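Two complexes follow with subunit A in common, the first pairing it with subunit B and the second with subunit C.
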Partner chain A sequence: MSEVRFNELRGEEVVYAIHRQERTFLPAREHCPLDPTKPGGPKTEIPYPSFEIVVFENRFPAFEAPHGAAEVIVYTDQHEGSLATLSPQRVEDLMWVWRHRYAELGAREQTRYVMIFENRGVEVGVTLHHPHGQVYAYPFLPPVPALELRADARLGGCATCALLADELSDGRRLLFCDERIAAYVPYAARWAYEVHLVVRAHRASLLECDAEDLRSLARSLQTLVRGYDALFERPFPYVMVVHQTPTGEVPDGLKRSGHVHLEFYPPLRAAEKLKYLAGSEQGAGTFIADTVPEESAAALREAIALGA
Partner chain B sequence: MSEVRFNELRGEEVVYAIHRQERTFLPAREHCPLDPTKPGGPKTEIPYPSFEIVVFENRFPAFEAPHGAAEVIVYTDQHEGSLATLSPQRVEDLMWVWRHRYAELGAREQTRYVMIFENRGVEVGVTLHHPHGQVYAYPFLPPVPALELRADARLGGCATCALLADELSDGRRLLFCDERIAAYVPYAARWAYEVHLVVRAHRASLLECDAEDLRSLARSLQTLVRGYDALFERPFPYVMVVHQTPTGEVPDGLKRSGHVHLEFYPPLRAAEKLKYLAGSEQGAGTFIADTVPEESAAALREAIALGA
Partner chain C sequence: MQDPRDTQDTPEQAGRDGRTADVASESERCGPVTVERQRKDDGRALILYSHGDGDAP
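This part shows the complex of A and B:
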């Protein structure tokens, strides 16, 4: 029951998934569909009494096989918590699950782009609080990865490598880095506390990452989300998106380039103030920000020290 | 204190207007800065005891002269109300004010795009409830109008004319039309109740519209917003954007084309349910909708009959 239409004025596909209007919305604590199914307890989506990480097809999918896929990745059988509170080993395991889902969904003939993401917080419309993320396999190349391919073409090389080099040499927006991973508020961030976590070596996707890359990525991810939670001393809402090379055909004149990195889009611009996408963002496509990235980076560096 | 930076990965400008963090947020009723200044009363932004329509430069602008402009258009000296409750004459006058601001701001050398818009409702972050809209004069061509130029190039003619002809001949998504203006939920709407109000003759901008076009546009605008308010029997939030031809230079290979129309982006997908822009919308740029445009159009046609 899902349909894809081409929006001519915007030059993009729009997806209609009409069963989704009925999807589960903030169920009572005792009816979480992502909890394990305990003996004698209510049946959940996961028919096991305990588990580490579970992946299953979304019951209210944006995309349905054979035209795409929408999966849920449950990070833990514990209802409370977040990426910040998982064990380091579990987050590292999650990186391998991401890698596996990218490989498997990306290998399907109809898939042109695999996107792993997490929506966190009611501020971004989250309907289930149990710690989880999602994966979409798009049967077309969406606008944002297409723009990234265009950036690579415009710069005549990897745009992410070029931006990373600039951020490392400038340093004002850098949050932390080790040998494998760098974290920064990008020079032209759209969101007040937008952060990019970038694998420093040029890796097209998680498939090219070695065990040490993934271990460092997991560690950096936890460092960042703990800093986020410390920033305003509250659970910090965000949209987190893993950007990787498209797995299918790309438009004429572009190369299938890419460089794996995570982008975080947090809707808060202050402890109690949301950034709304209104006239300029929706009508022009231009973000108007209230804060400069250098100041956000300074605040985040302090919060990360507190959160450590 | 505003700064424009180029976001390389997205291929777009981002604007930093750092004084805006301090802007007036839902002031108490007796301190509305858009009210008239009554003798002996508090001084507002508007130093007149009464007025019809007032335009002034935003005190907390996204853009500052000489690099652009941000203006406020106050529709009435009455604090309560909306486009739906203004007199037909006032809305018609407003169309002439829009036309005037497009002409004047568009004629400035540094302006590349003029966008007239209205944000309505706390759901889209509105900070002042007094009926008003805004105008931005961008010193660059933003992504959305650039996409519209690309649509014209791709179709080898005016995309809006082509889409209008399709909607008129299909009819399933048409809300109403007269000789001058047609209103429809577009075939590939991003928002559940997105509506486009289109001048039927090919007019690049409001400057090419004659008095009868503007009169009909004003009437259609009120018909639509009254229908919106009737849909869920509540004030209906939206972002309304006037799309017109860019007034400055356009990218190589594109023509300075365009066709004046209004687009409404309402965040509600049901009476009490908001559409959030999360993983897919932010990370991929792809909207996932819960409703099909044909069903929304049917519901809106009924609401418009009720609101009339």
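This part shows the complex of A and C:
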């Protein structure tokens, strides 16, 4: 069982999940726990010889019911691949799975925030290469979504709607858009190739998205990841997070607002160079960037054209 | 704003009950996806999602 302590200086919770020290770490290919269980083969987390999408409770959870949840979402029974290489139908189905997990975990009494995410690449600490993501249900409101609520309050409305309108109007950082989804490098991106995929209509969460929203989101997701992979002609590492409205109480003075969008935080600042969170980023909380978003967006637009 | 705690469909009810639903519900769907709930040997929840009417093992 994890322990949550409140760090008074930072004004934030820290989770101690010491059992995670023992979690499976980069196993040999033949011992992947996310593979299907083949007849006569080693037993894996999924006791079937084939499957489409599977969700299960993490064996090494950061959070456990009733004080939250930690689940693994396995995208495919194929060990090799990524969001870029899955069939469009599978990625669209995955959007519905995300919606389902948000609904179910968010309805639990002690859940205050549901976060769906994917870590891709050893550069961001991936321990299993099989295509998968995760979902955490937090028993408290974490700092980043709390900041988003404060941005809504500060701007007197939906901050994401306002920023989206600015990006569409400016256009220099826009990567692509259709009637439902827009993708851009944000004006004040912290990471060199940070991208936000935003549902253009104001939707607080995936629960408010209709089938066409989800279809477009899936298509946009694949377009972006293929572009990322084309940028440096290598699998592109990233942390991807689905931002949605909190499902529980929010701090006094704030409204339970929000606008569903995906944020990608890639650690690469060049083909072979990582951005490290060092003195200024960790000590002051201020990112020092080596690139400008307009140039990153131009490079990504070219890569997306190549990846199409 | 749609709130998962204000809705009445199956996953939300399971959430209100405090855990992932414990019973297989053959008719449960989420959009085009069929949902089949199971338990692993150690008690952890496992959910199979299949496109269409489902081709779960």
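Just so it is clear, the second predicted complex is superposed on the first by the 308 of 308 C-alpha atoms of A that agree within 3 Å, B and C clash if a C-alpha of one lies under 4 Å from a C-alpha of the other, contacts with A are read in each partner's own complex, and residues count from 1 in each chain.
Rule of thumb we're sticking to: contacts are C-beta pairs under 8 Å (C-beta built on N, C-alpha and C of every residue); 3 or more make two chains touch, one makes a residue touch a chain.
Bear in mind the structure is a predicted one, so any value in this text is a computation, not a measurement.
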On the A-aligned overlay, A:156 touches which partner chain: subunit B = first, subunit C = second, or both, or neither? neither
Per the contact definition in the header, classify A:207: touching subunit B only (first), subunit C only (second), both, or neither. second
Mind working out whether A:265 is in touch with subunit B, subunit C, both or neither, as first, second, both or neither? first
Between subunit B and subunit C, whom does A:39 touch in the aligned arrangement: first, second, both, or neither? neither
Is A:253 touching the first partner subunit B, the second partner subunit C, both, or neither of them? neither
So in the superposed three-chain picture, is A:289 touching just subunit B, just subunit C, both, or none of them (first/second/both/neither)? first
Can you tell me whether subunit B or subunit C touches more residues on subunit A? B
Taking the touch rule as given, give the residues of subunit C at its contact with subunit A in the complex, in rising order. 1-5, 7, 9, 11-16, 18-21, 30-33, 35, 40-41, 44-51, 55-57
Subunit A contacts subunit C in the complex at 45-57, 59, 65-66, 89-90, 92-93, 96-97, 99-100, 102-109, 111, 204-205, 207-208, 211, 214, 245, 247, 256
Seen from subunit B, its contact residues with subunit A in the complex are 3, 5-18, 20-21, 62, 113, 115, 117-119, 124-126, 134, 136, 138, 142-145, 147-148, 150-151, 154-155, 159-160, 162-163, 186-190, 239, 241, 243, 263, 265, 269-270, 273-280, 282-292
